[in-house]
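The data blocks that follow each hold one structure.
Consider the two complexes below, in which subunit A is the common component and subunit B and subunit C are the respective partners.
Coming up: the complex of A and B.
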């Protein structure tokens, strides 16, 4: 447990504590909703970071993990009457199993080819679920009226789901950090830099890539169950929304891929920014245009994202803000 | 005692081109073998066939008593057979130390991170990169990157290393230092198979030399014997008697 002695561990813990404590202490439901979405974004961008930032494989279909997790979890809750937490964990495991079996095939592709294939998987999954009757086809799954009752009523349920989401966010941050500091992470970085050279140095590249991809799917799947449980309904269009997939990549690029802080910061800032744009009367209709412009500016002038810029300006921070 | 490396009947065809054609040789523990030949003779392809970057069309490779024909490179290196690249491939956005730590972590001993860093430090000391350990690999000079290739291969704690033109492109001072590194490696009991164009280095370091030409083995033996073999001289410089014959006509 060398991790606990690092300052960065405590920085992460402090951020998580703020997420967990601020809304209940202020009784501010608006703040809770804003932080809830920020947590979802941090989970998506943080886990995507394992594959894009650490391993160098750009996954445009990352939303599949979230959407499938949501469907599986809601299905388990409605049909089998499983408790939410059990359903969410089972959904995470099931998505991991599916990822390991399916994605290892397309992980043989490199660069743009992998990115294209990942979009294909997202679209294919959406098409399949839209026609899958047990999951309600195009109309989706609806949570039965009494589902919140087991958790002490709708108001308590919303708080519980919020705390669970913060817990998943905490798991995302700790996982990203632990992977980054591990031998496994070192192997992934080697693959990102030069896959052939990594193989010659002894990194079992096919297994490492598959493991990274599988790992990057678990927590988004758990988060998917929580998100759509709170939503009360899940439909293919929302569950497999390619826009959100792309937005997760924007967040990651904005903050700085390959860094734990960058993924989290990018996601948080993007959520705040998006919230502002949606409310603002002038910008509300072209929120995505601005997101695109933001990505362009980042890639052109700040290829390392915010954290890249911070590291350049204050090199000593590289050791503190991982 | 059985040989450390045993290559027999090795062939590789690219379409109609026989890049490597029935090449066979063996190496003993701790030996330095020079692999020479004109450009395009198939030397690098032989390396790629031995460490599994490409699969041979025919033939077998045995290393330390295990048949490794067609194995993936990451399995070959775990058995103790490491290599460098002719065109350097540093992990650019990682530090020099991290580059070597990768080699030690995933090499023959599969070390943990802390132990791997210690090995990496030792190896960097040996090749003279210790003072550059915390800079990014991409910022090294070409000579530095060549050394990093050597250091990374050695971090795997191999029993045999394949050096692919490590001396090419270095200035005479750097060559001298690298030759000293080679000697230090041999003193540790590590066998070296090297492709090298710098004859002075090949001749002074190698216990034996194998000459390739057009994918075939042309000659094999002690360096001074091979160097004066007329067949080898012809492969490099052309037929020595051709001028005489032309004059006769």
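Coming up: the complex of A and C.
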């Protein structure tokens, strides 16, 4: 509970409150949809940060957590008629169990080989689910018509899903911050800097890496259930979209990897920027080109991202904005 | 039984082209330790290059490979100096991201130019019949061309001055620089050669199967599998790995639905990476 005394804790809480209060107070559905997507991005980038930013392992397949969570959750809702919240939590736990059992093996690989294996896992999972008949194969799973009725009709259901998503986003922010401030987080940073040295100094590297990877999968899985529940349908191409996976890395790099503020800010700005590109007729077909150019410039000239630049400019902010 | 054999033989022919595609990736990876994520986009560029020269100017698609590969070399130089040069020797995340950024730009440009609808190079050469089975001429010529290009590259790396310089920089950059080899320029040329081969492979694939702007991604993933199968930085190994992959694809096709093949391929890929976390790549000291 040391956390509560830090100014950054209250900054996070204020941001979460803005997310939760602004759309219902203004009754602005457009704003709600925009913030919904921003929350999804913050969840993806924030959890990815645990593995890339804190531990130094580049996971190109992070979307697997989101997609598998969506599939498991929707399957539990449609087949077993479970309430949404229960299904989402169960999906999160199941994905965590799978991650702990499988990914810890991949984490033996270092550097670029880990990155490649994570691409392989994402593609293998997508190909498998596309063939998996209980989950509808290539056509996917559809939510039954009455699913929204249990939550008081489609209008209320959309609001409920929005608030749940903001709650998952809040959990992501608090989790990232708590990990960063803990002994566990310190161990992860040590692994990022030099895994051998960390091991020699007594950091239990395989255990820490597995725990970081597992943690980074839980909340995206819960968010996946919520997202695809709102969507009404889940298909392999959408659920395991490698582009979204790499976009999450772009957001993280833009904002500044390894910082809680950077991950959230990068995700939020990327969503705003994407929305602008989609609306602007000149740029709509060049969205990828511009996002790519932006990423290239960041990587080449500003490897610390936005927060890296901020810290350099105003070193005192480093203590306030974690 | 004969059907399985024919399917496997055809797999070998297509596999030689996969191998050629992977050579472009493995050369760059082996020489400068950069995993080039623009690989798929450039394979697609080769496809469209051959398509445009063939349907626009009526050039023979196999002759069109020459200007396409030359253009690939120049594009490779441009990508090296703009996106790769500054990230060499930095953590792998940086080169992965910078090449991925270029990939996004290329795919974005390609999608706005050609949309994502399928194209094909409409050519069919007389094939060879063996009993009830016919091997199309396109597959035979593509496989021969792939083997010829791979052999040419091998000779080039062994015999020519630039080839030797590339190998020298690859095994020890500092020592090579002390011997007066301009390492950065050699790396740029090696990158260009890798891209030229990737575009040539794309051009050959265009004569075999229909393709879209996004098709390159699938072949990029196959190139990763081939690299893992065949070892790093070694053209002959990549060719062998490609043929092995083709053989596996051809061997299982008669028994299972086609949509299961990617599951097998990627499971194999992750499995080999795990079984030999250092093994297949050990000599590069990872």
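Definition applied: the second predicted complex is superposed on the first by the 322 of 322 C-alpha atoms of A that agree within 3 Å, B and C clash if a C-alpha of one lies under 4 Å from a C-alpha of the other, contacts with A are read in each partner's own complex, and residues count from 1 in each chain.
Criterion: contacts are C-beta pairs under 8 Å (C-beta built on N, C-alpha and C of every residue); 3 or more make two chains touch, one makes a residue touch a chain.
This structure is a prediction, so every number in the text was calculated from the model and none was measured.
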Exercise for review: Considering only touches as defined above, state whether A:199 meets subunit B (first), subunit C (second), both or neither.
Suggested key: first
Exercise for review: Please indicate which partner A:256 is in contact with in the superposed arrangement: first for subunit B, second for subunit C, both, or neither.
Suggested key: neither
Review point. If you count the residues of subunit A that each partner touches, which comes out higher, subunit B or subunit C?
Key: C
Check your understanding: For A:116, is the partner it touches subunit B (first), subunit C (second), both, or none of the two (neither)?
Key -> second
Review point. Between subunit B (first) and subunit C (second), which, if any, makes contact with A:292: first, second, both or neither?
Key: second
Practice item. Would you check which partner chain A:92 touches, where first means subunit B only, second means subunit C only, and both and neither mean what they say? Key: neither
Exercise for review: Please work out whether A:187 is in contact with subunit B alone, subunit C alone, both, or neither, and reply first, second, both or neither.
Suggested key: first
Exercise for review: Sort out for me which residues of subunit C touch subunit A in the complex.
Suggested key: 33, 35, 82-83, 86-87, 90-94, 96-98, 100-109, 111-112, 221, 224-225, 228, 257, 259-260, 262-263, 266-267, 269-270, 273-274, 277, 281, 286
Practice item. Enumerate the contact residues on subunit A facing subunit C in the complex. Key: 52, 56, 58, 60, 105-106, 108-113, 115-117, 119-121, 123-124, 127-128, 130-131, 138, 246, 249-250, 253, 285-296, 299-300, 303
Check your understanding: For the complex, which residues does subunit B have touching subunit A?
Key -> 51, 53, 72-75, 77-78, 83, 85, 89-94, 98, 101-103, 105-107, 112-113, 116, 152, 156
Check your understanding: In the complex formed with subunit B, which residues of subunit A make contact?
Key -> 182-183, 186-187, 189-190, 192-194, 196-205
